[in-house]
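Note that chain A is present in both complexes that follow, paired respectively with chain B and with chain C.
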Partner chain A sequence: MAQTANFSKAVRLGLIAGIVALSVSAIGMVQTFDVRDIITGVLTLGQLLLFSTALVAGYFSWQKGEGVAPVGAILRGLVAGLLTAVPPIALVFLTIIWPGIRNSFVNVSADLIEILTFGQTPVVGSLMLLVVMGVLGVIGAAFDLLPRRIQKPLFSGLLWTLVIGLLSEILLLILRPYTPRSVLNFLFGAKGITPITAVIVFVLAVGISAWWDAQGKQAMQHRRAEMAPAKAKQLRRLNIGLGVAFVLILPVIMGTYLTEVADIVGTFILMGLGLNIVVGFAGLLDLGYVAFFAIGAYVMGLLTTQGDLGIGGLSFWAALPFSVLAATLAGIILGVPVLRMRGDYLAIVTLGFGEIIRVLVVSDLLKPYIGGAQGILQIGKPQVMGFVFVQPEHYYYLILAGCLLAVFVSWRFRDARIGRRWMALREDEDVAEAMGIRLVSTKLMAFATGAAFSGLAGAIFASRLSSIFPHSFNLLISINVLSLIIVGGLGSLPGVVVGALVLVGLPELLREFAEYRMLLYGALLIVTMLLRPEGLWPSPIRRRELHAAELDHRPDDSEDAKSMA
Partner chain B sequence: MSQRFKEIDFIGVFLWVFRAVIIVLVIYGTVAKLFLGVGNTYTVETWIDFFVSGLSQGSLYALIALGYTMVYGILFMINFAHGEFFMSGAITSTVLVATYLSASGFMDSQPVVSLLVITAVAITTSISVALLTERIAYRPLRRAPRLVPLITAIGASFFWQYFFRGLFGSALIPFPVPEALQGRWTILGLEFLRTRVVVMATTIVALVSLYLFIQRTKTGKAIRAVAEDKDVAALMGINVDRTVSITFAIGAAMAGVAGVLWGLVFRQVHFYMGFVPGIKAFTAAVFGGIGSIPGAALGGLLLGVIEAVGPPLFLEGLGIAGAHQLKDVIAFTMLVLVLIFRPQGLIGEKLAEKKA
Partner chain C sequence: MTNILETTKVVKRFGGLVAVSDLTFSIPQRSIVSIIGPNGAGKTTFFNCITGFYNIDEGDIVFNGRSVKGRSPDQIARLGISRTYQNIRLFSSMSTIENILVGMEPQLHSNWVGALLHTPKTVKEEREALLEANRLLDFVGLRGKGDDLARNLPYGDQRRLEIARALASKPKLLLLDEPTAGMNPRETAETTEFIQNLRDVLDITVLLIEHDMRVVMGISEHITVLDYGKKIAEGKPAEIQSNPQVIEAYLGRGAAASATIEVSV
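== the complex of A and B ==
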């Protein structure tokens, strides 16, 4: 009886995985991602997405400790894998019965069917899909049979191969100027890495991971413990120095295109640091955050543009304080009415503010002053002693300076009295008030600081693009920023950076993601909340709260500064 | 202590000024419009038309607001993804059923049957999406801090939007209106757009049956009990998880009906259609008093009317160019004002006050 009960789990998981496979196919993800090779001629990102469902279903189809014999485990994996293939196969046959399916489901195209059936006829292809999914299910199930010291290196080997394959285009961009063509052709295919590279990366990653588990980690910890405090400090300084130097020369390594991406990421880091103060430190969920970004950008635009709308015709540097100040003021003004609101009501009201501002900006009412849908053009560029900032590389340093400033301010505020007040507020407003914390000034300070960072980001953004349009300031930006700080880790400064790199940097680099960006953000928000509410790189306090048992020595804030890279 | 009072004073004064400015603007605009003749002049018929279109729009808000209000009443959470339940029903039934019924001519020959089939598909889709969302994104987090389910709700909202965008594309999809519902009917000497009459009639039927369901059936009683106190309800032998699921399903069913009606009125659907109506319906729910079903109905109707009559009345009276563009501003301003000044709503149960 127990055995059948366990099989029902495999069946259920297989069907769920199958429906996921069907969904990602039907919404066009598989097909869109298929243009990106991970390993040239062997595996595309689309296939990876499709087939990983069976692998995952197989892996979870049984659990250690259920008293399942190895054969039983394999069988469960097989069942889960085979069932995963059923819904996609159903889709293949549906397209035969219903040729006009594409009129309704726009992404169910001939290309998709070709991917699902490996370019064969429907019957042969479906059988192949069944076999592949079944085998993957078995592999997934068998993985858990391996001893742990083999599992881990294997896993990191796979992970590194996939990451390198995925980022091959970027690696190619970076390596091209320094590497002979023949070597590049050997390592990289037209898109993705060559199978040989994949094997090399895999073997290296497995080797290093195995060595690290066997000896490296212990040796490292041992050496660190032995080290004299003075020397440890020296080493840390050296690390910081290297980190700073690396960040400074990054544009030279990356080239113009990647630097432009870094600029975008940096702008989001700046906004994320601001929102992190409001949401992460003070616990005030603000969904209208883009409003301050817009205000910063528009003030910069109006004050420096050479167009008809210009006021004052200031230089970038003269307008910058006004931008930041205007955003800060707006933060306070919008903060006052919502002082007595909490949690979800606050979120909705700030969302309402954001929408009001968005509608007003495009309306005829304000058109004579701020340009309506046509936006503002010819926005001024920063100059330093006759040197004009034009290239993304120039802005990189400007944004970097902004981010460093924001990190510094966040970090000092966090450990100052105001930071403790914010955190008390976050934990419990009533108790905080009873402890003598003045809610009004504490909340307004959070709104003002957050808005100031956002205004700064907006001002730089306007100048970098030299023209701004109202549709650049939609709600999706707020959601973007919110997602990145939540996925990175609420209240954590390195978390903001990690979140921005993953959530903003990756989609910019892998253009196929663009269409599914918000879908993935939505899914990520849910998954993060379910599985890892503290985020990718949690703040030490939250981590300690959530994992009180594990004593974990994290180096303190110097780490924050370094990770700005 | 004195410091604290000073602060309250300052905030209180600010809020009073804020309120006074809005009231003065509204009154001034109305007076200017009606007596000084600023902006376009409208006939009485036009005003009635504005009013009726506001009522029909408000009915749609009311139907969507039910979902917010019921879920809030039971879980104290804003189901941010509710607008997406509405969208999913509308878009799925349009693409998979309405388009084909219309192309085959069945829709014009059998409008009632067609609309019933479309509505059934819309309700089924909305309920499926709602139950899935509840099961995956809300249920495991029921004991989590309050911001957590709100964040997953935002995530679910965007997930569904772009999921349906992937399924059915990002274009505007025309909703075929049967011939029988095109044009106007004359009732009591006044002409009404037929679709608007259908919308209002359907809404009344839906609201009344929902009210009876909640008040008269055993399941309705269970819902009320769970809203009152989850733990005690569980002790009384009520399956809380199941009741919560039913609540979500009912709200989603109403949203599904609203989706079809929305298609009839605006003659098009698309993946982004759920967002703004969702927020406005939330406004309506809060306006009426969140947690209360008659409140949601009242709030929806009032919001619809204010939104329809407001721009031609006081915004034009203030001499604002392109006043109709600012319809959404009126709704969102109302949202902000209600949440600031009367979070318990018009006929709220004081529930919002303690939670807001």
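== the complex of A and C ==
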């Protein structure tokens, strides 16, 4: 029988998961994340990170359709889970025989060992770790045995509990002004949600998810299908209206700190929308995108600062067009020499361009004009009829307006002749040219539009911080923006928003992430490429393209075709 | 009858290799002309020279009275030359209808301002382009497949779509690079008829690279044979069939003495 024969997958996965657990422990991630409670007194983020390895290993330790009986599956999960515990246990004992380990691995501290051994002696603690990991492996493996209608609610219950636990600090911040203290103390612990809250959230999420799968979804679809077209349109308008209203009152709900985070996310959304045109639509890999952001910011700074470096002393609104124009021109200037370059070569040259701008900005040569490392201070704030933008809330609306403009432009371009030209270029440059597409104007248009959005983002950024320094414009910004559009979904407008929320918003909110930001980006990019290459929220066409096999003809497609024919 | 395309002593070299050598050749208006020759004879290279993918080293190519030498592929496309490819090169993750719309590029004039503001002119142009694209879709027998991704179409449909895309620019001269490659006999017969229709109904001059001798002999009015980049023969199908040099190029010297080209090859 197959059950006994093939444990190699479970063994392999268990060992891989164990090495992952060992690595995240040894680089200090577990310990850093341990500070944040998810469920007070029960589970910390560090523990979640550590233990999820066994759970995942158990889940993947056997595959449906392999002809594995339930007992065999659970055995495989057990093996995977137990093996996951081996490398961390090895680490625990290594610290005993080699007390000087901290000289080489600074993060292998007594605190970490305490987490790994649950505060017990090494032997007892290791046994406990072994048991816990084994049990988690079994749970992971058993999860796949459950019928799908139970799996899904369970999973969403777990996910919601974890997410709410993780974001408890933010929820607390939002709820504090409106909620009595006693209720808050009941719901939230010192640094996470209380176990009672966790249970409530879990039960609610499981219940709602189960109901939705059993009845809600069908009922909803049924009602939507029955609805008269005029009414459906009305409903859609209402939804859009509610969405807009929600976005507009968001700063009031969120308070100053969270609005500031939203401002940062918004700035990245604006940049992401620009890079999305260059990379997502036209397929031109640009790694020096931060240059246009810097140019927009510096032009805004120079034209509006009240300091010594100021030129013209313009107001924010008067300087804004110049910022955007300067960035656009820079986009075209970069575009001309790289017209004939493709793929990797283009990426390298644009990377160089971004660095050139950064080096120029810090250089002594330009120091008398743009301030060198001291940057530019006292940059002007926007005014509308005597009202001065100061608070993050004020800038929130400015950034929102910028994003909406960028979304509108992207959307109109995508569905127009220029958008088709960009996509043809992305697909096959030679053929596109043979179809009569002028490469020069098409490419320059992409670079110019992308640069304009970035310049706009830079101008608002400079004004919001009222001072800018060269180190704000490093390569990491380009990488951030590129990562967020890839994770969100190349070429997808909602994808940019989702990508920015995940890659920029989350690390801002969860400060422990900051240190491991790049590591997490790398991990997330790899996971995205492996599991969801089209991104978190792909554009409809890409979704069809990559999962075409799974997708039957959508009914609305054939209808469209009929009405067109 | 006037010639739509005339090439005089065209030479294309890749390093020491002469891919096309002293090729003088002409295509009469409203004709179907084939280029044949063994693999590596320089047929596709010659196509690439006409469409501007390669710059020719010597000689001249004149299309409709204008030299295309030194012009970029997009300019040549706008003059009215359009092509398909030996191994299908569609914009594979765009929809069928979008592929055709890209082909219509030389016909379109709207600019980005129009796209942004949806000016009446742009809206009208886009609507008419969509109608025209759908007509073409019908014409090549792909009705109802407009929203399919090009890569999801079956092979035969992809070939058809590539022709539809090439037709979308309203070309005067259409270059088809092995249009029946990989097709079964029934599809081949359909395609042959289709090519004939292009000329008869749409008045398009067709230049064909083809290996299937039934297709070549069946529809060409004129055949040019290339070997090692040189023209070794030209004439009417019947003349080519019995030309000893052609047989030698295809079958080798020994066979040339006794054989004639098997039309059914």
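Here is the rule we use: the second predicted complex is superposed on the first by the 543 of 565 C-alpha atoms of A that agree within 3 Å, B and C clash if a C-alpha of one lies under 4 Å from a C-alpha of the other, contacts with A are read in each partner's own complex, and residues count from 1 in each chain.
Everything that follows uses one rule, which is that a contact is a pair of C-beta atoms (placed from the backbone, for glycine too) under 8 Å apart; a residue touches a chain by one contact, two chains touch by 3 or more.
In this text, all values refer to a predicted model and were calculated from it rather than measured experimentally.
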First (chain B), second (chain C), both or neither touched by A:434: second
First (chain B), second (chain C), both or neither touched by A:424: second
Contacts of A:394 with chain B and chain C, given as first, second, both or neither: neither
Touched partner set for A:464, first chain B, second chain C, both or neither: neither
If touched residues of chain A are counted for chain B and for chain C, the larger one: B
Which superposed partner A:445 touches (first chain B, second chain C, both, neither): second
Touched partner set for A:409, first chain B, second chain C, both or neither: second
Partner chain in contact with A:36 - chain B first, chain C second, else both or neither: neither
Residues of chain A contacting chain B in one complex and chain C in the other: 438
Complex interface listing, chain A residues touching chain C: 409, 412-413, 416-421, 423-424, 427-428, 430-439, 445, 541-542, 544-545, 548, 557-558, 560-562, 564-565
Chain B residues within the chain A interface of the complex: 3-4, 7, 10-11, 14-15, 18, 77-78, 95-96, 99, 136-137, 140-141, 144, 146-148, 150-152, 154-163, 165-169, 276, 279, 282-283, 320-322, 325-326, 328-329, 332-333, 335-336, 339-340, 343, 352, 356
Residue ranges of chain A in contact with chain B within the complex: 23, 26-29, 103-107, 283, 285, 287, 336-345, 347-349, 351-353, 355-356, 359-360, 362-365, 367, 438, 440-441, 479, 482-483, 486, 515-516, 518-519, 521-526, 529-530, 533
Contacting residues of chain C [partner chain A, same complex]: 51-53, 72-74, 76-78, 82-83, 85, 89, 91-95, 97-98, 101-103, 105-106, 108, 110, 112, 114-116, 118, 122, 126, 130, 134, 137-138, 143-147, 149, 151-152, 165, 169
